[in-house]
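What follows is a set of notes on a single structure, which appears directly below.
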Amino acid sequence: MSEPAELGIRSDTSRVESFSDGVLAIVITLLVLDLRVPEGEPGHLLHGLLDQWPAYAAYVSSYLYVAVVWLNHKAAFSRIRQADRALGWANLFILFTAVLLPFPTSVVSRALQEHNQTDQRVAIAFYALVGAVLSLSWLAFYHYLSRHRELLEEEVHDRFFPVERIRALVGVILYVAAGLVGYLLEPLVGLVVFVLLPLFYGFTSIGLYYVTPIGRRRASGR
Amino acid sequence: MSEPAELGIRSDTSRVESFSDGVLAIVITLLVLDLRVPEGEPGHLLHGLLDQWPAYAAYVSSYLYVAVVWLNHKAAFSRIRQADRALGWANLFILFTAVLLPFPTSVVSRALQEHNQTDQRVAIAFYALVGAVLSLSWLAFYHYLSRHRELLEEEVHDRFFPVERIRALVGVILYVAAGLVGYLLEPLVGLVVFVLLPLFYGFTSIGLYYVTPIGRRRASGR
Amino acid sequence: MSEPAELGIRSDTSRVESFSDGVLAIVITLLVLDLRVPEGEPGHLLHGLLDQWPAYAAYVSSYLYVAVVWLNHKAAFSRIRQADRALGWANLFILFTAVLLPFPTSVVSRALQEHNQTDQRVAIAFYALVGAVLSLSWLAFYHYLSRHRELLEEEVHDRFFPVERIRALVGVILYVAAGLVGYLLEPLVGLVVFVLLPLFYGFTSIGLYYVTPIGRRRASGR
Amino acid sequence: MSEPAELGIRSDTSRVESFSDGVLAIVITLLVLDLRVPEGEPGHLLHGLLDQWPAYAAYVSSYLYVAVVWLNHKAAFSRIRQADRALGWANLFILFTAVLLPFPTSVVSRALQEHNQTDQRVAIAFYALVGAVLSLSWLAFYHYLSRHRELLEEEVHDRFFPVERIRALVGVILYVAAGLVGYLLEPLVGLVVFVLLPLFYGFTSIGLYYVTPIGRRRASGR
């Protein structure tokens, strides 16, 4: 008797999805642990609460970012019929960078509160590095899917995942650029890119193929 | 070949529900991290444990509140057939405010222990602000559902979600009022409203439509 | 048009189970946060690690306890066909006490390390109190199920949940007794009961009906 | 009326899997809490970030290890049709050791930063001990499955789980050996084994039966 070839090699995606949901749910929730009751003299609570604004900004931006990762994850997996081992590892790589995200976020938030230019440049560069690795993990994921049609649902368009790679590549390039500009020239430029990129990924979470003419044109040109 | 219009745009609600269950399960559990073994001289453990009563009160009230959010979430999603992107974002907005909740709760709990009137007024106003935003997120959610019949299960009554908006609106108004009264006149009034509102939402979690004659009358008047 | 009576009132148990799994998974995992690298002079790591033995004991016993709660929860819900609101609240009451459990556990663990008799008596009484409330929550849960045959799977024996109440009642009585004896006479007696009771619930998690002749006799006597 | 024998004794594996997914998702995420913004004088952020390298190494290696545990867990459960109580306990034993893992990892990470030979030997021995217990838990799990064919999916090969025991046994032996060598002779040898073993388990997560000729030869020899 021999096992069917697929057993344990390929599997439906339910456990991958539930494990990923669990990890992302925890990351998005742990962020609140960084919000603390301000310590200070009696009568100065209002002052203390307002002083923590960079912590609130970090909380909101991290929350948005993890939310966007989850939306993109959901959009991708709604197109995947079965997972193999390499896709499992690519997914674990995405989760690894998503779990890491709150750490550079607090580094930037702390640096903003302490008004030291050198530290702010370092913090921006550090955040950009993690952002670039996060985009790289999505690039690897989309690239693998664009080469393995057999893992996808039948009705997925052939050009969908190849075009998605562009979204991830945009992230790698812009994070590296923001890190360099932020470190060498002006930290603020880096911050602006950090805020805009998740918005871009949020708006395009249904797939670049659907929101820009690029994908359509290339698709029809086949 | 072109993808069916729905793929990636609308989807069944299973991942939205499991992600939300994960987030709410974590929030409700993290609250216990605020309960700590009292530090104090040997022989005074009983005293130390009793002194922490505002922490216990904060724990119980936050637990109840998150439980009520979960019950309302479950009641709403049992009526939703499929989710689109806007509903996904409305849900993420609800989760955002629910995750935030333990923070103003500890601010109030701390202020109660320190007997400073100014701080207590600020804490009450802060809690009221978060409560009002939480109610706003439900208002947006219910409003969207009342305009998108096509996302709902067939057997849901046409008036169900329109009437649910009233429940959320009551919250917005009462939290704002409690914040103003608590800040300007008497903090205790705010506290009483904070305890009563979750009870109201707990009792009406099956839908205002079912517990009051308002919904029925308006429904039959169509 | 009117909604079917069941919608939003009764529902299948999938979300209740996944939410409960999430909560219990988190409680059982949070416990490890209490294990810390011992701070101490270089060269004394072994000593530091060994000195923390009450923390390890607390970790193991809390883990076992939450594991037993999960096994009993799973055994009960495998017999439940649908949940109504009251059952939902009974379940939230069980989760509330389970989430609370690590707190008295660390209080006892700390008291054991500090060798103060008064504190140890208080800690034992406090743990017993939480244990008794935990058993009470199961008593309420089993009692409700024994009165609502319509929520159960068809093949569940009529005597199953009525007999399960005995298990919960044993817990209420023994925890109260252990608390009184531990507080008034000898703390060690309390500790022994705290270790034995989860073992009892672990061994009988398939239902008292199956492990003792009591249930069988009463069932055949109908 | 009597209940069918299986009710509450054997059950499908869905809740065991979702509970395990939850626990592993939390462990893998909690690790990031050990990464903290370095405290230090303004202008020295870069230095502070670089100084924490053992914490990053601990984070990456723990993440990889828990990921490998999850992959092996998923591979095993894709072959299990139903769980009984003993398998439930074996699974809880695996989760227990997985949850524990971050603790010895930080002990080793701290010891590496403090350059004390005695502490490093103790830390290596402690990690090896936990690693050996982790492998033991898998050995018990695989052994139980190799004796209970009736719990497995029909298409699973008879030799699959018997051969899997070898993988677990390799872990027990190598962790004990690494602990002894690391404690008595050279800590570095222990570290190398700690890095190589998860890689071995990662590469063989589809089952030793498939990656080595041992399993095939023994299987064809029947």
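For clarity, chains are labelled A, B, C and D in written order, and residue numbers in each chain start from 1.
Just so it is clear, a contact is a pair of C-beta atoms (placed from the backbone, for glycine too) under 8 Å apart; a residue touches a chain by one contact, two chains touch by 3 or more.
It should be emphasised that the depicted structure is a prediction, and the values quoted were computed from it without experimental measurement.
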| item | value |
| --- | --- |
| Homomeric contact chain A-chain B: same or different residue positions, threshold half | different |
| Far-end chain from chain A, centres as C-alpha averages | C |
| Averaged-CA centre spacing for the pair chain D and chain B, given as whole angstrom | 39 |
| Euclidean distance of C-alpha centroids - chain C vs chain D, Å | 27 |
| Chain A, residues touching no fewer than two other chains | 18, 22, 25-26, 30, 33 |
| In the complex with chain A, residue positions of chain D that touch it | 17-18, 21-22, 24-26, 28-33, 35, 37, 42-46, 49, 63, 67, 70-71, 74-75, 77-79, 153, 155-158, 160, 205-207, 210 |
| Contact set on chain C toward chain B in their complex | 1-4, 7-9, 11, 15, 18-19, 22-23, 25-27, 30, 33, 85, 88, 92, 95-96, 99-100, 102-103, 106-107, 110-111, 114-116, 118-119, 122-123, 126 |
